[in-house]
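There are two complexes below, and they share chain A, which is joined by chain B in the first and by chain C in the second.
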Partner chain A sequence: MANAQQAPAAPSPLLPTPTYFTRLRQRLNEQNVIFVIITVVIAYLVLVPVGTLVVASLRSNFLGFGPSSWTLHNYSSTLGASSFPSLIGTSLEYSALVTLFATVIGMALAWLYVRTNTPAKWFALLASLVPLIIPGLIDAAAWVLMLSQNGPVNNVLHAVGLPRIQVYSMTGMVLVQTLHTIPLAFLMGMSMMGSMDRSLEEAAAASGAAPHRTLRSIVFPLLRPGVLGAALLIFVLTISSFEVPQLIGVPAHEWVITTEIYNATSQYPVKYGTVAVLGMVVLVIALLGLYLSRRLGGMTGRETVTGKGFRPTTIDLGRWRWASLVLVVLFGLASLVLPVLALIWSSLLPVYQNPSGAALHELTLSNYTAIFNTPTTLNAAENTVIISVLTGAITTLICVVAAYLLVKTKLRGRRVLEFLATAPVALPSVIIGVSLLYWYLAAPLPVHLYGSVTILVIAFVTGALPFGLRFIEPAFSQISTELEEAAANSGATRFQVFTRIYLPLLRPALTAAFLYCFIIAFKELTSALFLYSAKSNVLAVSMYSMWLDGSYTTVCAIGVLMIAVLVIAVILVRKLGGSIHMAR
Partner chain B sequence: MKNGRVRSAAVVVTGLALAGGVAACSSSGGGSSPGSGSSSASSSVAQLNSMTDAQLYPEAKKEGKVTWYTSMPENDLPAITKAFEKAYPGVSVSALYLTGQTPVTRVETEARSGAISADVVSGSGDAVLLEQAGLTDTSYRPKDAPKLPAGLTMPPGLASDRIITNVITYNPKAVAAAGLKPPTSFADLAQPQWKGKFSMDPTTADLLNALGPTEGDSTVLSMIKALGSNSPVFVTSHSLAASQVAAGTVLAAASSYGQTAVVNEEKDPSTTNFVNPSPLPVLVSEIGIVKNDPDPAAARLFMDWTISKAGQDVVTSLGLTSVRTDVTNNPKVWDPAKWKPVFEDVSQSTAETNKELQEWQSALNYSGTGG
Partner chain C sequence: MIKVSALQKTFGAGPGSFTAVSGVSFTAEPGSFVTLLGPSGCGKTTTLRLLAGLERPTGGSIHIDGECMVSAEARSFVPTHRRPIGMVFQSYAIWPHMTVAGNVGFPLRVERPRVPRAEITRRVAEALDIVGLGNLGNRMSTELSGGQQQRVALARALVRRPKVLLLDEPLSNLDAELRERMRDEIREVQQRLGITTVFVTHDQAEALALSDQVIVMEAGSIVETGLPQEIYNFPRRTFTAKFLGVSNNFTGTVSETDGGTATISTAHGPLTARTAAPLETGSEVRVAMRPDGFSIHRRDPGADAWRGTVRFATYHGDSWLYHVDIGDQSIKIRVIKEKIGLARGDAIYLVPEPGAAIITQDTGPGDVDGSNRTHPLERKRT
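What follows is the complex of A and B.
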């Protein structure tokens, strides 16, 4: 029906040729208008940061008081600096190692979860879902404490004859970021393997092929494109990450691009050109990775495997299932149990000390009472909730309209809309933060948004767009167009169709999208670091400041409260919105 | 395929159009230049400058708030803001903790955009850098400014809101467990047995600045190079350095504050102890009013109160150190008769500061593209 409205009417020989304005009026139906509005909104959100970054990288005096001209000097000085090769080398080494380990471990765990009779598999799922709501800063902080010289993890390693791990090292960086990323790889692998056609494996088995040969000849080739796509996405997310490189990498003299960008913005005078060029470097790498990832089907779920022939058969691991249980337990311990226990333990101490009988006498709730007696922290908490709710609501609203236009219409240009809405995956938070800061300082806008809550919402919505769309677009695809056609035939307006048919059917997906975007905003640190002010401070920044201030135990107390709030939010929203599939 | 290219081109063109918009305004700076305050604002400022605090208070009340960018420890800020708000009801303080040079970069960025949020800035070297960039109000003479030690001169419009001693902090329990002796000097940390086991803050050249004039720049730089060659863990704030020591993530810190070390030591002497080196490097934290700030009366009132005896009593009650002689400082941290203080040069130019910072970072092998 909607498509019929879009079909250009054949000119009748009896009617006069439509004028330009007649044709324009025909095109200005409500669907096209909404399409233009939503495309302009998303284009503004996405192209402004990129455009600002490009300009900043090419200006001799960006945001300068004096004259400014076009130049390539920023590129030659930054890319030609003697330390640049090592910066790129470290960034690539760090991202590649994390990608390798997280992908291999995550996919192996996913295989055990989906395809085998490993005991207590629910633990692996729990250990993958809960860490998604733990802010990267908190996770890194917990591991810094656990891996201190005489920290509990190092003490255990020492007791079993293994060498201690120096947390401030490339090893420490890779270890902590890998543990933080495995859940993502696990969930992507679970989605991939859950929809895999098993008839081929069964055919191979029936033909007498040994399990390892089936694995090598059937399973691996089938999964390869999806796994590579997922690995590239992990690579993009890792090279854009900030918390672990800042908290662990900088002390270890291991600089990556994101920490160098932050460093360049923190020094006086600010090296605007260097910041922009480094932003362009990470943007190009991320775009390339995203492009390859999409080509291989990892991002959109268009894997080479299909749901056809799906049967919930499981592989009996025999005695090996106990070995797989150990793997699952180790993963759960490292990913969830240890970091959360470390946070709770630290939050109950006046000054951090490793667990011991003597330390038990020191336990106190003073950090928690201090939080509730600190107006700036409470103000940051209030801002965080407001910003997160707004981000969730606005992103969901934009994405539901965009998804409708993408899935339910055949409008020309909708692929541009899809490209724009998914492109922010390649926009690291550090770029969104820096470029929005520059844009709202430089652009001659009627209102000053610098330092306001609004600018943070804009940044977070931009970053959350691809994830919101990821939840809603597939849900739209599952709703038959016949429903819309039947309603339209019964005289329902498009608005009524949307609100009475689509919205109720989409409720679980919309709830999940809202919740995911809410969580992203709740824990976002990197872009907020560039955009916050005294009035618009948020909890993540407040925690980072306290970390720098040495208030470990207070940071951990806020972290525990944040996790508790997010868990409660997930439960509440789940109850309100019905079934939510975070692992989609 | 062709359509795809056309669409891509459309996206690029739109992007470039937006970019052009930014370029057009980026060349003009997009905001006011320093010192571009209007004449009416100037006369108002002149009037405010001549007012007593009692006269400033009603004006400040009309403004209702003051925004303070500071590198003072975040945990200590509520006590100070509460005390001020109690002394001057109706004027609320919005305090923003910023480390390193970020107070300066923040204010400069705000000034470029013409959207200044900060009223008052304080920190070691921050207000001085802003003053040299023409971004502080140099016309104001704060009332009851504490007298500085001989040889120190504060740039116009600025005053000291506290002083900060640089000490060597170590974790007695962890040091003993590692079979080491507690460090007594910077030179100790340059010994091979300390390799990779102590931290240094590469983001500020405070030791070089304070020790250079008395010990000689080349001597201090040699010492820093020796420390830098001993693989220090980099830490981006002195306060964090002391907490890392207490938590045992490093055994000792060459760059840490006496004020933080003494608090940690009082909480748990088994994990924190510290040494006041001789001579004792001392940083001066300056406070100043941002030029063309949105709340000039409240800013003056807040600055006056912060450096007054009443304000400094609150500062010292938090374990921080005051330059005033009519308040009580913690004797473990500040006793000039016991540890000879050497002060950083607050009159240093921005170029000199940056040159010193480069030398410092180079000596420590602190990386960066440097573009």
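What follows is the complex of A and C.
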């Protein structure tokens, strides 16, 4: 100590000044290089589909032979077509109805789950979480079979004096998509209501407000922005949805934008310009909806989460408990139990028939043995597994590096990186599919990717990015920067800090991100339908073509196996990677 | 006036159940400031929430001004919004979608029969004046600092002129300086309005500074009740003594009794305590000594001095605190106005001041209330 005080102010030859600065510069460079690489990768993934779509919508003869020029003709012809108003009308009607029903029912269930003493809460949670892994195609298939004219559901409806439901109709479309969407609304409502400070309501009671007044003056106004934000997000996801409109809407001649895009690309000659303009319409609606959703969502969140709540007090429903149980059970039946039972039942029959005593004699495992004896299906299954694992791993890797740069550094371009990585939420699968198809057909690239497994991985990673980031980024921000500083003080390099400190602490979040992205890729039909080839076929596409061929029971057998594989994967990965919080 | 009788609250049922409050009874005189003091998990907040009607008791009753708020036996329960209370929450619970005036005026807007608009405006202004926020009525509540939110919460609790004011650790989220200022303001407003107040805290300094009556709680039960100065100077329970920082505890036997004093032999030497009730010679007792209950000597003053070694010392501006090893026990000694600090390893001699020892009882069932208090301090209240 004494020596240090007496040391002259002039730089001492013992002090490592030059090497220190060199090291600092090197370190910054290292970080910058990684930043540039990751930004370029994400920008490529995100900007290529959007750019291709914009260009295609403005070219007179995109991907065609002969001259091509810049034009607005695609817009005027597509948007001015006589069929366009009814197309956009059907799309909006379908999306608005699904949004309304799914939001109202999902939020009501979330309120029952979080704030009341409704019985069988575990069942409500199970019925909301498990359907998230059921592919939309399989869900739609199960409902089509259940709602067949003399099917079990319609027979029950008829027996209690209600009209039968014609599944191939707007009603059927809205019904099935609503059931498919309620779990999402439930989960969003659950996190929103769970994080609301209870003392805000208690303060109203202590101010002399009766319970209904507290609901009206305090609870509803506080939840309103969050609920509207959630509703807008659901609207965006619904207008981008493809499976239900394709399986149920198209046979009923109820066309929405996504099915029209697919239809237009499967007819010859392909009207690339029209397809691109329709894609732009979905993109604009999605961007607008998400922008509003973010603004509204940002208004609740933080403000209502203040201080620490006391022991959660639940509202006593009294006699209404049993009414709420009926609602929970109906929801569980509709979202989970009935579809899965229908799938299992159908998968055991050579040809579909409604459940009856006579049909019991025909039960057989032939569909399952057939699957294992069909090389193309086995090949598709292999592709699906490879693609899903790659998608999960690559997305998690990109997201963990991106999240580190976003949360733990002060790099100047990181807002751009964040915007790019979260933008694909507004990028419907249909657009990713169409645009990548165009891009890899038209772009003069050294490697020929069209029809390969790689192109599917690229498409799925793009779509999965924002979800991966949603798991990893909050987990990163919860880890105090002091932990990194403490490790650096102990002599750890930046790489060692990352691998020894952050990765172990992030393991649950990384597991969850991997799992979620794996499931997204495993289920994905829409973009695959545009990009698959004979050698890069995946299960979802195989099932779709079998469905068109009328092999309903085989589709159900594959569906049962897919759900089983996903359930096992979730349990296994959970065991390996610690606890996860789905869709948080 | 608040009367709480045999209050009990058990969460859950069967083997997983947890009794947060058990057999709690006390009376808060009209206009008095009563503090529930204890460590976290002692049941003080649950007791307050039972008073507010935010929880239903599993036993006992609560009366406010003779009116029954809840009685588990009579199966009657007045819900929170019909109780004559005002409450300030630990998190303040300021509604973020309303202005300051909107927050403060809410209790009047929901009152039935309706309060005329002009009167609401007048009383909101009055309440804001009381807490010193007279000019901030139109501010959005989210634009307020922590201290201002705290004042809004107080104004909102007072605006309907409740019979009882309930305060749930309202100072714990403030920084040290602001906490002291708000503490003084709360006491000033409470005395000016003469409102019966129940205050929950784990901070002994707050409890001593504010209260007319301190109720010490541990593990769901009342340990001791008394005036702040009684609780501080003559704790009856070992728990209270420890909780209020009387950190030196010994075990000894009564060797001699002489009217108001008793001599207790401990392993280190004798101590003398003042007693009101007679103690039996030879009985074993727990004794507490304050850190300032000893005089300190560098040389052996002879007679009853205890010999010890300084383990380490900390400086507190107005005093030094020495951690001294005596035998196998470490005790804390406070020395005020000492210029030269003693250093580690120094040998010192401690002489217990006559009558400074406090005889305490380990916590047993039931409350030791003021009526059988044995110390000679005169009671100011009955």
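Please note the rule applied: the second predicted complex is superposed on the first by the 542 of 584 C-alpha atoms of A that agree within 3 Å, B and C clash if a C-alpha of one lies under 4 Å from a C-alpha of the other, contacts with A are read in each partner's own complex, and residues count from 1 in each chain.
Following the convention adopted for this analysis, contacts are C-beta pairs under 8 Å (C-beta built on N, C-alpha and C of every residue); 3 or more make two chains touch, one makes a residue touch a chain.
Only a predicted model underlies this, so the values are computations on that prediction, with no experimental measurement involved.
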Task: Considering only touches as defined above, state whether A:266 meets chain B (first), chain C (second), both or neither.
output: first
Message: By residue count, which of the two partners contacts chain A more extensively, chain B or chain C?
response: B
- request: Could you tell me if A:222 is touching chain B, chain C, both of them or neither one (first, second, both, neither)?
  value: second
Message: Quick check for you: in the superposed arrangement, does A:206 touch first (chain B), second (chain C), both or neither?
response: second
- prompt: In the superposed arrangement, which partner chain does A:89 touch: chain B (first), chain C (second), both, or neither?
  reply: neither
Message: Just checking: does A:552 make contact with chain B only, chain C only, both, or neither of them? Give me first, second, both or neither.
response: first
- line: Counting only contacts in the complex, chain A reaches chain C at residues 197, 199-200, 202-211, 213-214, 217-218, 221-222, 303-304, 306-311, 313
Residue numbers on chain A that touch chain B, as the complex places them: 43-44, 47-48, 50-52, 54-56, 58-59, 61-70, 74, 77-78, 81, 83-84, 86-87, 144-145, 147-151, 166-168, 250-253, 255, 260, 263-271, 273-274, 277-278, 350-354, 362, 370, 373-376, 413, 415-416, 419-420, 437-444, 448, 450-451, 533-535, 537, 542, 545-552, 554
Field: Complex contacts: residues of chain C adjacent to chain A
entry: 11, 45, 49, 52-55, 79-82, 85-87, 89-93, 95-97, 106-107, 110-111, 142, 153, 156-157, 160, 166, 173
Task: Spell out the part of chain B that touches chain A in their complex, as residue ranges.
output: 4, 7, 10-11, 14-16, 18-23, 25-27, 29-31, 33-34, 67-69, 73-75, 77-78, 81, 94-102, 104-105, 108-110, 112-115, 117, 129, 174, 177-178, 196-197, 199, 203, 231, 233-237, 239-244, 246-251, 260, 264, 267-268, 271-272, 350, 354, 365-371
